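For reference, the structure discussed in these notes is given below.
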């Protein structure tokens, strides 16, 4: 089965590469002994970019896998919902 | 002036390189078209690791730059406290 | 239409009353001029309890309103999914 | 010893009473069987208001108790810093 995010695969990869660049930027700042507050200031940008990737994957998952399972009914629909709920809870509590 | 985190510089770099590895792992999963929920499950681990780095830098900053400025007194002490408070607020709200 | 959470209405009310009690406890501590850190320590308990209520409502909403709309298909299904996604994003970013 | 937030005590009490009102509003919505998404939408407002109270208390604490202890030096300064760091970590991770 093709997952919901596949059509945007390149977009997700581009965003994850940008986040990788942000993490490498943090390493460079630590290595250059930058001012602590200046390093700290960059961290929320990276965590928010990661959250946005996660929310995008979750949207695609709800709109495809979960909606398809709901349409087909049966025990798989409940299992997919439970799985999505657990993933949402982990994101909210992260 | 040497910043508080410098003595742990290698430890910070090691942790940031591990986070970079987690981000690259996410890219690989997207590229391999892994199941959405399996990708999602890895995101909180990376955001928590980033938070832990940020909290460590903040601790070192409070224990050195802010405490030193408080000891010396003067307008710089207030400026350092305000700067630290703003950084804490950004982390809490991220 | 009956909403998904109605069967657990009493449970939600009980949990929200407990959170109200936690907020009143914070007021009492401020009024009694308790130690700042002791007050601060109580805040995450209240925000986590609120998150748990929100996640419960969201689960019920996905399992009923969203799943029903997906089953029926049509433009309403997309609208319900978009609405749920927006609510999840607000919770994750709060 | 007077705590840092005491001069703003009335302001903190007013804000906590407003949050109590928000929680009671949520109870009313559940009791009236309001639409799940409309209830959910109110939750981030309450959690953000709680975070703002916590950040205010923390600022006052850093500017008074922690700064005073740093000025006086000795083992108490380290203990105060450790206590503040732990409180910040709990807020960031909540």
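Note that the chains take the letters A, B, C and D in the order they are written out, and that residue 1 is the start of every chain.
Here is the rule we use: a residue touches a chain if its C-beta (ideal position, glycine included) is under 8 Å from a C-beta of that chain, and two chains touch if they have at least 3 such contacts.
Small disclaimer: the values here were computed from a predicted structure and weren't measured.
A.B. asks: Taking each chain's centre as the mean of its Cα atoms, which chain lies farthest from chain A?
C.D. replies: D
A.B. asks: Could you put a whole-Å number on the gap between the CA centroids of chain B and chain D?
C.D. replies: Centre separation, chain B to chain D: 22 Å.
A.B. asks: Between chain B and chain C, what is the separation of their C-alpha centroids in Å?
C.D. replies: Using C-alpha averages as centres, the distance is 29 Å.
A.B. asks: Quick one: which residues in chain D touch 2 or more of the other chains?
C.D. replies: 48, 51, 54, 58, 84, 91, 93
A.B. asks: What chain pairs are in touch here?
C.D. replies: Every pair of chains meeting the touch criterion: A-B, A-C, B-D, C-D.
A.B. asks: For a test of understanding, state which residues of chain D touch chain B in their complex under the given definition.
C.D. replies: My answer: residues 48, 51, 54-55, 58-59, 62-63, 66-67, 70-71, 73, 77-78, 81, 84-85, 88-89, 91-93.
A.B. asks: Contact residues on chain D for chain C in the complex?
C.D. replies: Going through chain D, the ones touching chain C are 2-6, 9, 12-13, 16-17, 19-20, 23-24, 26-27, 30-31, 33, 35-37, 39-41, 43-44, 46-48, 50-51, 53-54, 57-58, 60-61, 65, 83-84, 87, 90-91, 93-94.
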